[in-house]
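Below are structures written as structure tokens.
In the two complexes that follow, chain A is the common piece, with chain B as its partner first and chain C second.
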Partner chain A sequence: MSNEDQSEEKETIRLMKGLHLTKPQLALALVGLVVVLLVPEIEGFFDNLQLDTFHNGILWGMAALGLALLLNKTELVSFGHAAFFGGGAYGGAMLVNFVGVDSGLLILFAAVFFSTAMAFAIGWFVADYVAIYFALLTLAFGQLLYAIAIGSPTLGQDEGLRLRSGGEASGDPPSLFGIEFTLQQQGEYRLVLYYFTILLLIASMIVMYRIMKSPFGSALEAIGQNRTRARFIGIPVERYVWGAFTISGFYGGIAGGLYGLRQLSIGPEGTLYVFVSGEILFMAILGGFQTIIGPIIGGIVLTFLLDNVRFLTEHFELIIGILLLLVVFVLPKGIWGSSEDIKNGLMTRVKNPAQLGADVGTLQKMLINAVRNAITTIKIILFGVK
Partner chain B sequence: MIELPLFIDLGDAAVHTLNGIFRGSILFMIASGLTIIFGVLGVLNLAHGEFYGIGAFLLTSIATFFVVRIAAPTDPLSTAIFAAAIVIAVLLSAAILIPIAGAIEATVIRPIYDRAEMYQLLLTYALLLILVDTIRIIWGSQPVRPAAVDGQQIHAALDVIPMEELFGFQYSSVRIFTIFIGIGTFLFLLWFFDRTKTGRIIRATAIDREAATAIGVSSDRVFTLVFALGGFFAGFSGALYSVSAIPATAEMGGTALVLSFVVIVIGGLGSIRGSFVGAILVGVVWSWAIAEYPPAEIAAPFALMILVLLVRPEGLYGAWGEIE
Partner chain C sequence: MLEARELIKEFGDLRATDDVSLTFGKEDGEMTFIVGPNGAGKTTLINLLTGLLEPDEGSVIIHEKSENGTTERDITDMDPEQRVKTGLVRSFQVVHVFEEMTVRENIRTASLSNHGLTRSFWSLSDEHEEVENDVDELIEQFRLEDVAGDVAETLPHGDRKLLDVAMSFALDPRYLLLDEPTSGVGAREKEYVIETVVEASKSQNVTTVTIEHDMDIVREYADRMVALVRGEVFREGDPSLLDTDDELRRTLLGVTPDE
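The block that comes next holds the complex of A and B.
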């Protein structure tokens, strides 16, 4: 979808109104779909591929997709997106614990409703603010929810809540589509949930694509470019931002609700903490927030890294931090967003190996310049410009 | 004539309030740095809480170094020497943060001034993660306290300095000093930005970077200076907090950061006066919540923030973007 401009020249296949893909793109999408559907079957063949990690990665990616709408179109940075992910997870868990519902779909519905309502309420507060103030306020609201969850005995404080029947540790998982699962059938439960997630993922990606292409999406883009101008041409800026914020909360709610159903036990540290918000933001940018697939890929990649680096070393935060620095400086458009550039760069070098020699020269020049700049900087800091 | 008792025994309410002012002073020193850095550099430094954490950990190491070498306070002279050593330890801990913060600004933050906010936030968030783990690598993940003196904590050894004669009530001397240092920092910053040449240069750079450069100011140097100044005060408050019996943990930076956000949102981003008033308010509310209803410990400051936002969306001293 990143090279939609070229698609007019090439032969395209119309999937639905407004969604055209070229043949290679369609093939790629189909291969991706097949791989995603086959993950439960092939996970046994690879040591590092766990369905759990992959599933969680998709869910975090869905939350990041909601965030990408704000990042991409309105250029607002929400640093409290965990509020909606965690809000969804807690919304579902509260229904199980306080009402005693054990239908998975109802739980998911409650999760989405709860977090959308929350996004609606918080959005009313933050829609007026721009840039850093927006980030600051969303972060503060996210932390408020974390504070409430960790402080409230009803919500289980730092232990969190369970989504099993009766809220017991050995309770059965909720039923899905009328199928009851016992404690022993958790494997089947997770498999059904996984395929359900894939279905929702595809639906939510298509819906997001349509939103971004809609007049509403264009209006959001106008707001992102220049609020005053957008106001002058008659766009109700605050209302639209509020709407976009609510939509992104809705996405967080679906992801959080499914996450709750998958984990069957949720805590404030893993779903609501400020670091979780940071991770969601990181996922969106890592994958490429200007695309639809990017945030999902970012979610899967980062969850995979988080799950595996944790086993390798105690200091995984250091590694993630350094990775983050690299993304900011080297790969600002993200993995998926830069794939075109990387491909072109590689192709030039394959066609023309002499380019590599020039690359070495450029690197050398950059290094020398960096050292020279560092010396000047130290001189200026210590002695001033005189 | 009514005879007043010499020492007033403070009630719970007064103790909570004093604790709150103590916490507020600590918070002010963190939040003011954050607000100044934002006002001048335009970058919200998410790693700022970690400077505070590093300051606290540095103090535990430096104070331990002194405590095992200096005689325990028994008479006034040895108490004075001991107190002087602790003051030096606090200043040293904060001073170490000047080059750390300066180097961070000059290497990683400088290249991103012109980038979109999301990258600035992401970068300082990366710094936060790196610094948290650096703390864990150096000091371990367990809470750390300075070495005990004669079986008691540093603050207890220092609390023998009499306060009753000076103020007429019984309260931890270390905390009283911290409160005074907080107020002193506030007055210093007001004076610094209002009266000194350097302070005026910083303000001028914040208002118009190009014009300042045109009249011969090195904006790079100003930015590094401001960042180092913020790092210094954050480290200073961390060290002071660590003296007051609270063990240093790797997580303390995160909590401090988030509360500093609340403080500067209440006070108005970029306003030093605002962050002082906000810090004291948040500190008092926080302390009362801890004492009266612990589950609301973290939530109470946020409730205050939302209340202020409803009444004054731009904060109490709504500058929102310029130092005053």
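The block that comes next holds the complex of A and C.
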């Protein structure tokens, strides 16, 4: 009990059951929310801040949030999560093209339904597997869907599908909340969609927060930490992994469905390809998958980099690669997950500059150790073990 | 009553369990200790009873008392997690706990499962009163108060063993199968661990089956003793056999009565 008592003692504000924030945290959350809501207003002032990028970043982040449930709790790494993002996007697009629906909400509903059903089906196959086998199976299923999408003339092969009315390039965007939009009103359409996205983002973050704190979340955590023991306290391991996988697909579906509505044109390359799965995974790690906000931050940051760095230098993939290495080595808990550590580290150094000298010492020691290990290894390779 | 009926399990050419028939808990709360040299099939027997392994032949049966006598329930094909729900619970020789959770969270997770709450994804893990009460009680019973907030992997070995057993008790066991609850525990702590476990079993009238290598512990606590040798039941009966049966002593301890 002692731990929980201590955290209760700090002055907190109760937002809802189980969600208590300190005053600075609440202020930060409000500022964050205001900034997010103002993005459409201020995008003109900054060259690099585009609503496009930001909106897409949030959507990828939502998919990463779904993946984070698997990563954080069950400690399973899915390499095929683009399947659900792309599945959502295609699910919505198919409704437009084959049924002729033009209501945005129905399209989103179809997207979520389609991707969740897919996650349900794929989850049945993969729930028994762990570690590398789980990763490879999810990868294989993702590639299978990519192959289907790119090979099927019905799905537009590598050109994909449009979500405009009639599936045509000059068609109107779908209607939202009963409002019809013409081709010229695409700006307004995107604005409404953006605010709708924010609403769904907040809802899905709250839901994920509650799932992670719930008994079901505890059971998933138990499965991640020791499957055998989980089984022997009566947890039906495979069924729960299956459930978590399906929830994860549900999140991918919302994100993918909104992405389709946002882009109005989707193709296999941008939604289903194996690199896309890698990007979603990277976003979760980059932002910090132990937190709820982390994957969203990761999504926004990586999308921003992917959209902008490629114009700065032709070696942008190198930069992204180095960034991933840095995160894994220096910030293993991700940008957001490590923010507390970074803050504490900076504070001690501000209070006590001598600490910097000690840092240099630590760094030296690390280097010396690394060199020593390298020498030993070379010796062993050259002369064999003594 | 828990019954092993003609259980056979082979690993390749090795018969780990060779036609073992045993019953445990003819009276509720009976404490059986299983002894035997390494490789006698003790752990295999527990694995077969709890469903970690499937037998090649034979069955596992639970006899339940009901209004019209006893009914037999064949649980041979049940998954481990289903067996837990019938009250058949085990611990492991190597501590199996959730290493990154605190002591409290470990016991809580087991208790949530026992109360059938793990399907709930909208309530909070720590808001269920009946669960928290059980957890408090177990922490006290297993004397884990001082480490309740500590992460499992940082605990001393004796506490880890106790935590493992405490989690089993969180499941309201009727049959508790303990695979060497004192293995790896220092001599001084050993007594403490086994006493705590025995006390808890007695207070809840749990039928226990315990694998144990320390004959002093068997002499002191066992109601009944089963000796397994090369996969077969070698002796079955009162623990005093350990002192009176010369053949048993030779097999188990490698000593002749004269020594």
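Assume the second predicted complex is superposed on the first by the 376 of 386 C-alpha atoms of A that agree within 3 Å, B and C clash if a C-alpha of one lies under 4 Å from a C-alpha of the other, contacts with A are read in each partner's own complex, and residues count from 1 in each chain.
In this section, a residue touches a chain if its C-beta (ideal position, glycine included) is under 8 Å from a C-beta of that chain, and two chains touch if they have at least 3 such contacts.
Computed from a predicted structure; not experimentally measured.
After superposition on chain A, the partners chain B and chain C are seen to fit next to each other with no clash. Looking at the shared chain after the overlay, A:210 reaches chain C, while chain B stays out of its contact range. Residue contacts after overlaying the shared chain place A:71 against chain B, while chain C stays out of touching range. Of the two partner chains placed around the shared chain by superposition, chain B is the only one that A:380 touches, whereas chain C remains out of contact. Once the two complexes are overlaid on the shared chain, A:54 sits clear of chain B and of chain C alike. Contact with chain C, but none with chain B, is seen for A:236 once the two complexes are overlaid on the shared chain. Put simply, more of the residues of chain A are touched by B, taking chain B and chain C as the two choices.
Remark: in the superposition on chain A the angle formed at chain A by the CA centres of chain B and chain C amounts to 80 degrees, rounded in steps of 10. Contacts of A:79 after superposition on the shared chain: chain B is touched, whereas chain C is not.
Judged by the touch definition given at the top, the superposed model places A:90 against neither chain B nor chain C. Of the two partner chains placed around the shared chain by superposition, chain B is the only one that A:131 touches, whereas chain C remains out of contact. Once the two complexes are overlaid on the shared chain, A:226 sits against chain C while remaining clear of chain B. After superposing the two complexes on chain A, the closest approach between C-alpha atoms of chain B and chain C comes to 13 Å. In the superposition on chain A, the residues of chain A contacted by chain B and by chain C do not overlap at all. Remark: chain C residues 50, 52, 79-81, 84-85, 89-90, 92, 96-102, 104-105, 108-110, 112-114, 117-128, 136, 148-149, 167, 170-171 touch chain A in the complex. The residues of chain A lying in touch with chain B in their complex are 71, 75, 77, 79, 125, 128, 131-133, 135-137, 139-141, 143-144, 146-148, 150-153, 157, 274-275, 278, 281-282, 285, 314-315, 317-318, 320-322, 324-325, 327-329, 332, 374, 377-378, 380-381, 384-385. Partner chain C is touched in their complex by these residues of chain A: 1-4, 17-18, 210-211, 213-219, 221-222, 225-226, 228-237, 240.
Here chain B touches chain A in the complex through residues 38, 42, 44, 102, 106, 108, 110-112, 115-119, 121-123, 125-130, 132-134, 136-137, 216-218, 220-221, 224-225, 254, 258, 261-262, 264-265, 269, 294-299, 302-303, 305-306, 309, 313, 320, going by the rule given at the top.
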